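Same chain, two partners: chain A is paired with chain B first, then with chain C.
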Partner chain A sequence: MKPKLALYWASSCGGCEIAVVDIELKILDVAGFFDIVFWPCIMDFKYKDVEAMQDGDITLCLFNGAIRTSENEHLAKLLRAKSKVLVAFGSCAKEGCIPGLANFYDKKTILDYVYNDSPSLEAESKGVYPEMRTNMPEGEIEIPEFWNTVKTLDQVVDVDYYVPGCPPQSFQIINVIEAVIDILKNGKPLPPKGTILGAGDKTCCDECPRERKEKKIKKFYRPQEIIPDPKECLLDQGIMCMGPATRSGCDALCVKANSGCRGCYGPPPNVMDQGTKMVSALSSVIDSTDPNEVKEIIKTIADPLGTFYRFSLASSLMKRVQQKNGEDKNRKF
Partner chain B sequence: MEQDKEFNPKIVAFLCNWCTYTGADLAGVSRLKSSPCVRIIRVMCSGRVDPTFIIKAFKQGADGVFIGGCHIGDCHYSEGNYKTLRRVEFMKTFLEEFGINPKRLRLEWISASEGDKYAATTLEFETEIRELGPLHLVEA
Partner chain C sequence: MINVNIDGKEIQIVEETTIVRAAESAGIWVPTLCYSELFEPYGVCRICSVEVIRGKRSRIVTACNYPLRDNGTKILTNSPRIQTIRKMIMELLLSRWPNVQIIKDIAEAVGVKEPRIKCLERDEDPNACILCGNCVNICKDVVKANVLSFENRGIKREISLPFDEKSDECIVCGACAHVCPTGHIKIKTLGYERGALQDWYLGPKTAINIPTLQAVPRVPIINEEACIKMQTGGCGICSTYCEPEAINYDAKDEEVEIEVGQILLTTGYQTIDLKQMPQYGYGRLDNVYSSLEFEHMLNSTGPTGGTILCKDGSVPRAVGIIHCIGSRDENFHKYCSRVCCMYALKFAHLVKDRTPAEVYQFYIDMRAFGKGYEEFYKRLLDEGVNMIRGKVAEISEGYLTNGEKPFLMVKCEDTLIGKFREIPVDMVILCPAIEPQFDASNIKKIFSISQSPDKFFLERHPKLDPVSTMTDGVFIAGCAQGPKDIPDSVAQASAAAARILSLISLGEVAVDPIKAEVADEYCSGCRICNSLCPYTAISFEEEKKVSFINDMLCKGCGTCVSACPSSAITGKGFTDKQILAELEGILSV
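Showing the complex of A and B:
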C-alpha cells in the first residue's frame, strides 16, 4: 500500500501550493509514490473524508498557512490527529508570515476597517458585518470564527518538522521530497523532531554573491530613491536587506535580483526573534555616535517593525502588538 | 493576599561589569539607598545586551528594563557602548510600535565611581515605573 500524503492550506495565499506544483516533473514521482488523500487546492476532497480516516492514517501532511480562524484551528487539530508526520510547510505555518502581520491590530479594528471604514466600500455596503449564524430554509449555517490573533501551526498543535520560505523554493521542496521518499522506501531513520528541512543553517548573507565592505550607514533608502549597484552589498548601499537576520536556503534569490532580502526564510538557527536580531545587526553598522543623529537615521527606515517582522511577527517573542488603548493603561506617549 | 495588591515594580537591570556594576557595588558599600526593585544581571559590556534580552525581559514580567554602561569614550572594549546607544534608540522606537511605553526602557552611563548616581537613577526609574503602573502584555 502506498504511503498517504495530505496537503492543506489554512490562512495562506496559495503560493505554497503553487510551489509544490512548481517542482515540475518531480510531481509525477510524488503522485506515483504517494497516495494523495487530501489536497483541497488541487483535488476534490471533503473534510468528512479526513474525519473518516483512522488516527495516524496519513503518512505525511504538509500543512501550509497560519491559524487565523476557528476552521484553520479545527483542521490543524484534525490533521494532527490523522497524520503520522505533520510538517509546517512554508512561512505562514512556521512563523505566521504575512497573515501574521494582522497581529498589528485586533479583531475589531480589522473587521471595522474591512466592513465599514475601507474607502473601496460602496455606500450601501458600509457597516454590513458578516453574521456568525444565519438561518436558511435548509437549517442554520455558520461561518468560522475569526480569531483576535494569528497563530502559527506549532502554537496550536504539535509539529514534527518545518520547511521555511515564502514560498519554499522548488529545489528545496525537491530535496525534501526526495529525502522523504528515501526514508520511506529504504527505511532510513527520521531526522530528529523539530528539524528545519529544506533550508541552510547559516544566514542569507552566507549565500549572497555580493561584495561586502565595512558597513557604515548614514541613511536608509527606499527602493524608489536609489538605483542599486548590482555587485555591492545592498546593506552597504543603505538598502534595507534582512540578510543578516535570515536563514539561508533560498540561494539568495532576492539579492540576486537586486532587491533586499525580505526575511522569508525566518530567523537563522539559535535565534528566537528575527526583528530584534536585525536591530542588533543594524545598530552595529549605523554610522553615528550622536543619539539625535542615530534617531534621525532610524527614522529613515520605513516601518521598522513591519519590515523586520514581515514574516515572523506571530512567532516572535512579543507575538503581537498590544491592543490600541490596550493593556498598557498608560499608553499615552 | 493583601501584599499582592501593592505594586512592586520588577526592574531588570543589565549592568556592565566594568562601570555600572562596580558603581552599584560602590552604592552598596557606601550604604546609599538604591532601588530594591532592581534585579541586576551582570554582563561584561553593555554592548552584550542583545535587543532580544530587552523584549524577553518585558515578556517574562519585567515592568522596566534598565541598562547601565560606561560613559561614552570609557568603554572597556572601546566601542561597545556606542552599539548599546544605537540599540536602545532603536528599541525605543520598537517598543513604542509594540504598544509599550518606551519610558520603560532606560539607558544610563554610570562609572565605577558614581555610586551616588546609580542610587539616584535607580530610585528615579522606580518612581517612574510606579507611575506608569504594571505592564500587562496580551498575547491572544
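Showing the complex of A and C:
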C-alpha cells in the first residue's frame, strides 16, 4: 500500500501550495509514490473524509498556514491525530508569517477596521459585520470564529518537523520530498524530532555573494531612495537586510535580486528571537555616539516592528502586543 | 693645477679659482665691498679691480669673479694703474655716501680722504643703501625666494619688493639683513607673523637651535618650517660651515615598528586655548601671558635671560597672577587642574625676588595640598604677596591722562571683603587649565582603553588600580590620566614601571577564562561584530569568511555576543542555554 500524503492550507496566502506544484515534473514522483488523501486546494476532499480515517492513517501531512480561526485549529488538531508525521510547512505554520502580524492588534481592532473604519469601504457597507450564524433556506450555516491571536502550528499541536520559507523554495521542497521518499522506501531512520528540513545551518549571509566590510551605518535607506550597488553588502550601504539574522536555505534569493533579505527563513539555529537579534545587531553598528544623531538614524528605519518581525512575530518571545480587549473567550488552548 | 704670479709671488692654484681667492691664499689683500662667499660674485662695486697680464696684453678685471684658467697668468693687485682706478671708484662712492662706515673704511685704505667730485644728491644717512646688491643676490641665489630686486636705472636705481609691498613670498629668513654691509636692512620682530616660530613669540629663535640648555641630547635641531633649505631648497649655509658634516637635511621622521608586550601611555596634557576667553585679552592685549610663556621668560636661558620684562622692555610695576582659567569653571572644565596654585605661588615668589613689583594673586580657593606646600604658601603671605579671593571678570587696558605708559586693569570681586575691585597692573599671568591632549580619543581607540567624562584616560580602578587600564598590558601615568604635579607623576610612573617589570619577570601572564568564541559552523561572516570589540580582539578571516576572536585580547565583555545576529558568538560560561536554565530554575521556585 502506498504511503498516504495530506496537504492542508490553513491561514495562508496559498503560496506554499503553489510552491509545491512548482516542483514541476517531480510532482509526478510525488503522485506516483504517495496516495494523496487530502489536498483541498488541488482536489476535492471533504473534512468528513479525514474525520473518517483511523488515527495515524496519514503517513505524512504537510500543513501550511497559521492558526487564525476555529476552523484552522480544528483541522490542525484533526490532522495531528490522523498523521504519523506532521510537518509545519512554510513560514506561516512554522512562525506565523504575515498573518502573524495581526498580533500587533486584536480581533476587535481588526474587525472594526475591516468592516467599519477602512477608508475603502463604501458608506452603505460601513458597520456591516459578518454574523457567526445565518439562517439560509438550506438550514443554519456558520462561519468559523476569528481568534484574537494568531498562533503557529506548534503552539496548537505537536509538530514533528519544520520546513521554513515564504514560500519554501522549490529546490528545497524537492530535497525534502526526495529525502522522505528515501526514508520510506529504504526504511531509513527519521531525523530527530523538531529538525528543520530544507534549510541550512548558517545565515543568509553565507549564501550571499556580496562583499562585506566592517559595518557602520549612518542612515537606513528606503528602496526608493537609493540604487543599490550590486556587489556590496546591502547593509553596508544602509539598506535594511535581515540576512544576518535569517537562516540560510533560499540561496540568497532576494539579495541576488538586489533587494534586502526580508527574513522569511526565520531565525538561525541558535537564535530564539529573530527580531530582537536583528535589533541588537543593528544597534551595535549605528555609526554615531551622539544620542540625538542616533535617534535620527533610528528614525530612518521604516516600520521597525513590521521589518524585524515580518515573519516571526507569532513565534517570537513576545508573540503579540498586549491585548486591550481581553483574551479569546471561546478559545480552549 | 696651474701656476700664476700675483704681485711677483708664484703660487699654485686649482683651475677656475677666482683672483680674490688666489690672492687670499697668497696673503695679498684685495679690497672688496660687494663680495661675499655666500653667493655668486656679482662684481658690481668694481673696487676689487686688478690688472691681469697674459703675454703682452694687460687688462683690468674684477678679482671677485675672474676665474684663472691659464698657466703663467700674471696679476698685479697694486700697480699704479690699479691704484688710480681704485681711488677713482672710492671717490665716486664716497661723494655719494659720505657717512657710510664701510665706504669710509675702504676709501681710507686706498688713500682717499676727501672726494674731488661733488655729488648733488648726497646720502647723509650712515645706514644708507649703497646698492651693492648683496641682498638681492642672497635672496635670489641662496634663499631662492626671489623677493628683492633692483628697480629703475642710473641715479634712480633702488632695491625694492614686488609692488613695494610686504611680500608673501618672503620667508622672513633675515639673510638680506645678514649680508647688508651698511646695516640698511634691519630685522623687525614680527610676533606671530609668518616665518616666525609660533610656539614662543617672546623672543627670536633660529631655524637651527638647541631647544633648551637642558636638552638631552644637547644637540642642535633644525626646525623644518623655518629652515630655508627645507622650505625652498636654497641656503644650506650651516652645512658648508659644519666641519664634521653633521648636518643632514634629508633626515626625516620615520615610522618604526617595535613589538612589545606592554605599553605605558604617558601622552601628557595640553593647556586650554586661552583665546576662548576673550575677556582676559590673551593674544589681544600686550603683557598678558600664559603661565608657560612666563615660565619661559623666567628661564635663565630664555629670551630675556630670566629678567622679568614688559613688552616695551620696562620692568613691571605690578603683576597679577590669575588662577583657574578654564578649570573649576562650569563653562570649560569642572575639575581642578591641581598644579596652578603652587606654580602661581612660585611665580609670585620669583617676581618678588627679581623685581620690586607688587604681586596680586587672584584665586578661588588656595589648594596647597602637598608636602611642604602649605608652608610655602605661608612664606609667600609673609613676603607680602597680595591675595585676592575672587574670580577675575575682565582685563582691560587702562590709560593715564598724564601720558604715562598704559596699564592693565584687572576687574574682580573680592569675596573676602565683599567689594568689587579694579586693580591696575603692568603684567598679567594666566594659569590655564590642564586638559587632555586634543588627540586623546585617537589614542584611546588605538589602545582600546577608556576615557573618563573629562576625556582623561580612565584607570582600571580609581583607588585600587590607578596605573593600569581595562586593556591588559596597557598602563597609564602622568597627566594623561588626570591633572597632577611632578611628584604625583613620578610616583605614578614608577608604580606603572614596577607593574610592567613584575609582569616581565613572571615570564607568563594568567588570563581570565571568560571569553567569547565564534562557532565557525554558524558564523556566516556578516561582519556585524567586526567593528564592535572595544579591545580589537575580533578580526575577519577572508579565506574562511568567518570572524575570529583573539583569545588573548578578548575580555569577555559580551558586546559581540549580544550583537551577533546568528548567535554564532557565545560567551563561555554565559551561553543562552545556561542563562535560560538559570532563569527557569529561579522562576520554578
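Operating definition for what follows: the second predicted complex is superposed on the first by the 322 of 333 C-alpha atoms of A that agree within 3 Å, B and C clash if a C-alpha of one lies under 4 Å from a C-alpha of the other, contacts with A are read in each partner's own complex, and residues count from 1 in each chain.
The definition used in the following text is that a contact is a pair of C-beta atoms (placed from the backbone, for glycine too) under 8 Å apart; a residue touches a chain by one contact, two chains touch by 3 or more.
Every value quoted in this text rests on a predicted model; they were computed, and no experiment measured them.
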| item | value |
| --- | --- |
| First, second, both or neither for A:Asp201, with chain B first and chain C second | second |
| Which of chain B and chain C A:Thr289 touches, first, second, both or neither | first |
| Contacts of A:Gly127 with chain B and chain C, given as first, second, both or neither | neither |
| Which superposed partner A:Lys277 touches (first chain B, second chain C, both, neither) | both |
| More chain A residues in contact - chain B or chain C | B |
| Chain B versus chain C as contact partner of A:Ala245, first or second or both or neither | second |
| Touching partner for A:Ile298 - first (chain B), second (chain C), both, neither | first |
| Touched partner set for A:Met318, first chain B, second chain C, both or neither | first |
| Contact residues common to both interfaces of chain A (with chain B and with chain C) | 271-272, 277, 280, 283-284 |
| Chain C partner contacts - residues on chain A that touch it in the complex | 201-206, 212-216, 233, 235, 243-245, 248, 268-272, 277-278, 280-281, 283-285 |
| Contact footprint of chain B on chain A as seen in their complex | 147-149, 271-273, 275-277, 279-280, 282-284, 286, 288-289, 291, 294-295, 298, 304-305, 316-324, 326-331, 333 |
| Complex contact set, residues of chain B against chain A | 50-52, 54-56, 59, 72, 82-83, 85-87, 89-91, 93-94, 96-103, 131-133, 135-140 |
| Residue ranges of chain C touching chain A (in the complex, touch as defined) | 521-532, 540, 545, 559, 562-568, 570, 576 |
